[in-house]
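Here the chain labels run A, B, C and D in written order, and each chain numbers its own residues starting at 1.
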Amino acid sequence: MVQKPIVTADEAVKLIKEGDAVMVGGFLGCGSPTGLIAALEKRGTGKMTLICNDCAMYNPKTGEMNGVAPLVAKKRFSTAVISHIGTNPEIQRQMNEGETDVQLVPQGTLAERIRAAGAGLGGVLTPTGLGTEVQDGKKVVEVDGAKFLLEKALSGDVALIRAKKADKSGNCVYDKSGRNFNPLMAMACGTVIVEADEIVEIGELDPEVVVTPSVFVTHLVQGRK
Amino acid sequence: MVQKPIVTADEAVKLIKEGDAVMVGGFLGCGSPTGLIAALEKRGTGKMTLICNDCAMYNPKTGEMNGVAPLVAKKRFSTAVISHIGTNPEIQRQMNEGETDVQLVPQGTLAERIRAAGAGLGGVLTPTGLGTEVQDGKKVVEVDGAKFLLEKALSGDVALIRAKKADKSGNCVYDKSGRNFNPLMAMACGTVIVEADEIVEIGELDPEVVVTPSVFVTHLVQGRK
Amino acid sequence: MEYVANKENIAKRIARFFKNGDVVNLGIGLPTLVGNYVPEGVELILQSENGFMGLGPAPEPGKEDPMLVNAGGMPVSILPGGCYFDSAMSFAIIRGGHIAATVLGVLEVDQEGNLANYKIPGKMVPGMGGAMDLTVGAKTVFAATQHFDAKGSSKLLRRCKLPLTAAAQVDYVVTDVGLFQVKDGAFVLKEYFKPYTVDYILEKTDADIVVDKDCKEVDLA
Amino acid sequence: MEYVANKENIAKRIARFFKNGDVVNLGIGLPTLVGNYVPEGVELILQSENGFMGLGPAPEPGKEDPMLVNAGGMPVSILPGGCYFDSAMSFAIIRGGHIAATVLGVLEVDQEGNLANYKIPGKMVPGMGGAMDLTVGAKTVFAATQHFDAKGSSKLLRRCKLPLTAAAQVDYVVTDVGLFQVKDGAFVLKEYFKPYTVDYILEKTDADIVVDKDCKEVDLA
């Protein structure tokens, strides 16, 4: 099985260009690729679109933050497609003051839109959001008498993924509730960078338990210990 | 974790009623629940709808067959929603002579339609089948300039699933290429009967490697050794 | 009669709805309390929308695992028989109707079964997270709320004014004064909780209430 | 000049297209032969649409595992680095464009890139299986076919008459007489295979052929 390049976090984030749509795994910081996030924070490219479940935790009193919050604080993203921002007052401030365009998407819809892009589907029909503001501007499609919103596939340019283990061909397994959006985002971007806590030899992962097949992964980064 | 009833194959197939839509896992017989199939063949309920990847292998010269082929031979199903019948001349004969209504569905579309039903989606938009007979009678939906077929969710009444191991709560893992449609069908039916090669105690399956969460499974059957 | 907010009573009453083995998703906050009052002999299986089944209690201090948190980001545990999955599977379980019930907090709930619990325009816009999918997908939707807000206004309304989380999806509203079933465009009062009375509820609630013919007093103390 | 069918040459030529690490799905039958001719230093990663990556050779007789078969139901093996998945993931990989190429058999192929390979109405209706998804999803679609059928008719046509597997998806047609790229409504002849000539191909093929300016003879022996 062919190996994928193993690069440093700094090298990896150079693959991201200004204006790119960047998907970042994690749920309130759990399962976020912290090394890649730190490198992207340092690099300084702005005007990107962040696609993520949430903007992670940020406590303005203590300055404590996790997950993608440092990228928000440094305004690396001018648009966020996201399901929840309630734990990060900074992104709420940026939204309220018109500094960042925040597009709120129901969490299950976000998951399906990303998966659809990865699976070559144009979109899915979901009942979620019918009769709410989420419906605004969207097509309502009736199937056998029931109404659904047409939600379009959502792809990105680069995915930043956190795995527990990856083999050198790119097969990944995840760690507990750190799995969340990671396997979906790994399907939906042309460049897929996996920060793995551990990089193992090809053949070391049981083929029955691989969650993300190697075919999706383009680069590997050794996670911070 | 609450246990699911462990029943015999004969008891299990009594849950199937005449006219039910029955999903059966397996791909050319690999990963089919053979004990449940034998019980259903014996039971004799007819006029059901079979939803399956294929009609498995049947050699009319030797009489050898596998997977769901015995159910076809005994005409337990009057309708088949299926992606491939090329390895079973008997279903082709039934189709040609108008005895069985065969609805051919592209394999990837069949997988997504079943998953959509399990996931509460009304359907998906796929490029597969555009400009072919598969398009007949279906809605074409344009998304950002690209055309897709609207393929509706496909649910069933009962799913017959073959797992390698199930714990007593219903969590399942599968065996190599025997996985195929089994985890999808387990999501898409009200009654989900798992024939497991091995039934283990709750807690014996690693929570990281479970493929079908217990929530989908209603009954367990000990597979034939 | 003086109103005294009582979250425990809300949780207690909802907990009595469940039967052994029900798979339930409890929202963050008040709904989480429901888990504390499940009757003897009933085991709830909790789904956590960030990606697992078999949500267990918080570990002892010092034993927290940062990779195992609930949908509020707080350290929890997983029970034997639980399992992990990705967010698409998590919401397939939720949206696909595989969850017996969800219990959600309330900003406003109305007699059409509309729920508003995720947004106060210009003031609080946290995003809907998983709430919209949960409300649409769970077989039974419980809206769990104090009957009155801090200003004394009824949280049960004729028509929600805030942006909706979901339209016409709420099955039961459980407050600290009574249990209401949403049916045919009205709140059907099924139970009133001691010390409140039917008259008190009818007078103080800003919505159409139908008193069920079997309506009864229940003591949750 | 006499036409002699030569499946090996078709497979040999297609095999030269691939670069190291390409993920490829080879259809049952002729396309499977491609795997035998991959150049030194090029490792193909084969996807099997029934649910795994890393498809390896058939095991020795007696060592077959009935739970590990290819999409034709024949016993195979899995290579280190391979992994199993369900049919939805398998076709997500296929439809989502994650497969560099697919090689498919042909009943008819036309100069618009239409492919018919799954049905002869009233005669052979095996079902499309995964062929429609593969043709639509793979980045590059190779139609692999003998240039003529058993009756001597060209399998490359102006317009397919059989029901289509997919419309306008074929990128290359590789036969035992030449290599054609489908472009702007014509077959562009890129290579002709010894001993055939450009004139022979133009005369015997029932379709519009454009001879590429760099068209050359290739000896596949």
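FYI, contacts are C-beta pairs under 8 Å (C-beta built on N, C-alpha and C of every residue); 3 or more make two chains touch, one makes a residue touch a chain.
Predicted model, so just to flag it, every value in this text is computed and none were measured.
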* Asked: Any idea whether A-C or B-C has more C-beta pairs in contact?
  -> A-C
* Asked: Which chain has its C-alpha centroid at the greatest distance from the C-alpha centroid of subunit A?
  -> D
* Where subunit A and subunit B are represented by their mean Cα positions, the distance between them in whole Å -> 32
* Which integer distance in Å separates the CA centroid of subunit A from that of subunit C? -> 29
* Distance from the mean Cα position of subunit D to that of subunit A, given in whole angstrom -> 35
* Structure fact -> Note: subunit C residues in touch with at least two other chains are 52, 78, 84-85, 88, 91, 94-95, 136-137
* Hunt down the residues of subunit A that sit against at least two other chains at once, touch-wise. => 112, 115, 119-121, 126-127, 174, 176, 208
* Chain contact graph: line, ring, star, complete or other? -> other
* Chains touching one another, given as label pairs in label order -> A-B, A-C, A-D, B-C, B-D
* Structure fact -> Listed in rising order, the residues of subunit B that touch subunit A in the complex are 112, 116, 119-127, 139, 141, 143-144, 146, 148, 150, 152-153, 173-174, 176, 206, 208-209
* Structure fact -> In the complex, subunit A touches subunit C at residues 27-31, 53-54, 57, 82-87, 92, 95-96, 104, 106-112, 114-115, 126-134, 174-184, 211
* Asked: Which of the residues in subunit A end up touching subunit D in this complex?
  -> 1-2, 115, 117-121, 167, 169, 171, 187, 202-203, 205, 207-208, 210, 213-216
* Structure fact -> In their shared complex, subunit B is touched by residues of subunit D numbered 48-52, 65-69, 71-73, 78, 84-88, 90-91, 94-95, 114, 122, 125-133, 136-137, 163-168
* Once bound in the complex, which stretches of subunit D touch subunit A? -> 20-21, 23, 43, 45, 47, 52-54, 78-85, 88-89, 91-99, 136-137
